[in-house]
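I have a structure I would like to understand better, so I am pasting it below and will then ask my questions one at a time.
Chains: A, B, C, D, E and F, in written order; residue numbering restarts at 1 for each.
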Amino acid sequence: MSRLSHIDDEGKARMVDVGDKAVTRRTATASVQVRMNHATLTAVRNNRIAKGDVLSVARLAGIQAAKKTASLIPLCHQVPLNHVDIQFTVDTERDLVLITAVVSADWTTGVEMEALTACSAAALTMYDMVKAMQKDVVIDDLKLLSKKGGKSGDFTRSDT
Amino acid sequence: MSRLSHIDDEGKARMVDVGDKAVTRRTATASVQVRMNHATLTAVRNNRIAKGDVLSVARLAGIQAAKKTASLIPLCHQVPLNHVDIQFTVDTERDLVLITAVVSADWTTGVEMEALTACSAAALTMYDMVKAMQKDVVIDDLKLLSKKGGKSGDFTRSDT
Amino acid sequence: MSRLSHIDDEGKARMVDVGDKAVTRRTATASVQVRMNHATLTAVRNNRIAKGDVLSVARLAGIQAAKKTASLIPLCHQVPLNHVDIQFTVDTERDLVLITAVVSADWTTGVEMEALTACSAAALTMYDMVKAMQKDVVIDDLKLLSKKGGKSGDFTRSDT
Amino acid sequence: MSRLSHIDDEGKARMVDVGDKAVTRRTATASVQVRMNHATLTAVRNNRIAKGDVLSVARLAGIQAAKKTASLIPLCHQVPLNHVDIQFTVDTERDLVLITAVVSADWTTGVEMEALTACSAAALTMYDMVKAMQKDVVIDDLKLLSKKGGKSGDFTRSDT
Amino acid sequence: MSRLSHIDDEGKARMVDVGDKAVTRRTATASVQVRMNHATLTAVRNNRIAKGDVLSVARLAGIQAAKKTASLIPLCHQVPLNHVDIQFTVDTERDLVLITAVVSADWTTGVEMEALTACSAAALTMYDMVKAMQKDVVIDDLKLLSKKGGKSGDFTRSDT
Amino acid sequence: MSRLSHIDDEGKARMVDVGDKAVTRRTATASVQVRMNHATLTAVRNNRIAKGDVLSVARLAGIQAAKKTASLIPLCHQVPLNHVDIQFTVDTERDLVLITAVVSADWTTGVEMEALTACSAAALTMYDMVKAMQKDVVIDDLKLLSKKGGKSGDFTRSDT
């Protein structure tokens, strides 16, 4: 199938009509990497070890952004969410923080965009918190890992 | 200087006080890549050639997100922006869309987060528009290219 | 029945309780005219012929406003929408752009306000885009064309 | 000058850069008519005579919408407002409510869109409050009456 | 049961997963007192007697805030509300305004936070309206009076 | 002076025109108490001692709410803030958490409402986090402690 999601036959943007889609349990998992140099990552890790707020602020930003997805992504539907879970792995070998978001809802449309938006806001917030130390942090590899529910069926990234 | 931006001596989150910073012209440029397979990129390129809406929707999403940065990134200040410019390069050799955002303001604090947020929302919106064709699109390499203005001085990424 | 919708016996504002209303498919269609002089309309038409962004931006503004209706109209309920469709007719005889919005939801309350709000935001955005050429553009004839679903029954304007 | 406000040479949407515009006092006045049948207008007038909330709710909706203009009209700048004033005339001869909004700010860009948005939200809210009595109410003649300040100079509608 | 609501075993914040909770009718009632001196209360009472807007503005602020609860309280779910009712008692003996909010929804999670948020915003708005007369107004005794629905059962404050 | 702040001679609501007020440094300090039983306070204290998230989440909610004041309190102006600082005192003698917020801005109007709104949102968020343990927590004594700047002069509560 080779059609763009929100584009009609004339190339114009449109919202998808979800009126005839069934309400089912929808789940989506996404992840993103925040890559920084060793000194910055050490500061993040030390803050975590000291149970500081760096990851807490990023987590909250991600949860709140997931709830706002429909106001950020113009053609997304408003989806009341059951749950948003955000986890962080501070990877001192690869000098990155891996952020994973799992989002679920019982609704007529999927929550992939919510999971990706949660990862994105958490990563941007992490950037905001380390930018006094290092301005060339890179946010990388934001992707959907898997989704469940809905007519289009389940999806799992082949390299997951 | 090796301190996290919004973290106090006890590791707790705080907002930075910008009350004694001077109002100057602040500019920031950021970019991001949306990597997809060749068939999806061809659909995006054909839509662009046909002057369809794919890039227009992503551009608007980016502009609007830049204006909302302070409500997405918890410790950011509200900054009224002079300008947000978003450009797209459809790169058929590397099978990606490169998105670049330039943001400017006359304010007491920089607009790096606004430029990064604009890129991020534009990239997520592009994902939303191609996800019916390809679910394993990757948003990569979101980074600050340069910033100007403010006491901390100008910055240009060394690999830019 | 001659009562104002959100006004109690003492003339005070109140929200309507929709707790005992049935969830049914609700649809509403509204339209509005943006009247301008011939030169301005020609610029809009030429932009459309050249597949420019004028109508695309107005359409997106309308779709996004429909989703925000409950935050704009104080006593409206939050209604997750199935679909928002916005169409434009560039009428070179009467020198106006006719905007039509169709909104649907499966909910306990109607979506008339969402359809009217979508038209209104699309028309304001069109004004914003032509105001450098002509400041005395008029937004006219914003009205509900029809609604379906709900206990109060279907409605179609007699002059439609 | 015959150019669309937010459209570049290729017909694409863009934000206007206000970085080199001077901060001056900007004022804009707009008006709109809400036309209804005599019974509905009488209900509104009686509510006003009884000092009920119909016009108060519409006024508040207008003031709040003016403050949100930049999130409703995609290419508008964020403008902190000095003042929003909204007045109502219940015209029993022409069976309409005339709503007038005056908005002012000291800023680099005008507040026409804020005045028009205030009128629009006040009119939509009035529609919301009378729709149980009459569904074919028409919102008409939304227009800019005058603007002051800024390089493009003052404007007053010729038929005002 | 001695566990904090949104805190996991490691003390970290989390959203509660409501995916397996049943949709039932949820109702919550909260109240708050706005305590002021006699002259200020008299001004409020006179405005009410003259059917002025003081209480109307506070009521609208409360209703609108209830609808925004999920964007104010970081870990709250988005809950579309059936009804928000806000009542005021001007108590000239104790020199206070008592504000009571009743909120209901058919949803998987309770609406206590919505009722408390409505009271809070109404009280803050009342403060805003009297602050030119008296700056040491106190907002006191914001509490949940009762809740109904949901697995955790009904609750009524013992001193109600 | 015995006039309500946002009320005109006819008792109707209005926004105050700040166009002729000088831009000066404005500061406001407010506080609120969250009163709970000893077991609940102990859980909060233990979470704090374990450097958990309870106070962090409440702090972030307060900071974010301060930035949103103009969208919560209908007649407030949009004020870009320099700083929001929120501190918590866990008072095991009186079984309460004392929350203090200090807000500052260089603007034409004061930030009292921002400081009170920050306290209010932080307190509501704390309620949200303990409500599984105790539903009869009371939010008490929300008040302005002091303000500085602006024509009306400085203010300090007499009992502070």
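As a working rule, contacts are C-beta pairs under 8 Å (C-beta built on N, C-alpha and C of every residue); 3 or more make two chains touch, one makes a residue touch a chain.
Just so we're clear, the structure is a prediction, and the values are computed from it rather than from any experiment.
Enquirer: Check every other chain and keep only those touching both subunit A and subunit C; list them.
Expert: Touching subunit A as well as subunit C, we find B, E.
Enquirer: Tell me, which chains sit next to both subunit D and subunit F?
Expert: B, E
Enquirer: Going through A-C, B-C or A-F one by one, find the pair whose contacts repeat those of A-E for over half of the pairs by residue number.
Expert: Interface equivalent to A-E: A-C.
Enquirer: Taking each chain's centre as the mean of its CA atoms, which one is farthest from the centre of subunit F?
Expert: C
Enquirer: Over half shared numbers or under half: where do the identical copies subunit B and subunit F land at their interface, same or different?
Expert: different
Enquirer: Just how far, in Å, is the C-alpha centre of subunit B from the one of subunit A?
Expert: Chain centroid spacing, subunit A to subunit B, equals 16 Å.
Enquirer: Could you work out how far the Cα centre of subunit C sits from that of subunit F, in whole Å?
Expert: Centres of subunit C and subunit F (C-alpha means) sit 38 Å apart.
Enquirer: In subunit B, which residues are in touch with two or more of the other chains?
Expert: Within subunit B, the residues that touch at least two other chains are 11-13, 50-53, 56-57, 60, 64, 68, 71, 74-75, 78, 80.
Enquirer: For this structure, enumerate the chain pairs that meet the touch criterion.
Expert: Touching chain pairs, listed by label, come out as A-B, A-C, A-E, A-F, B-C, B-D, B-F, C-D, C-E, D-E, D-F, E-F.
Enquirer: Can you name the residues of subunit C that touch subunit B in the complex?
Expert: 50-53, 56-57, 60
Enquirer: Within the complex, which stretch of subunit A touches subunit B?
Expert: Going through subunit A, the ones touching subunit B are 1-7, 10-13, 32, 39, 43-44, 47, 50-54, 56-57, 60-61, 64-65, 68, 71-76, 112-113, 116-117, 120-121, 123-125, 127-133, 135-144, 147, 155, 157-158.
Enquirer: Where on subunit D is subunit F touching in the complex?
Expert: 25, 51, 56, 59-60, 63-64, 67-68, 78, 80-85, 104, 106
Enquirer: Mind listing the subunit A positions that touch subunit C in their complex?
Expert: Per the touch definition, subunit A meets subunit C at residues 11-19, 70-71, 74-75, 77-80, 108.
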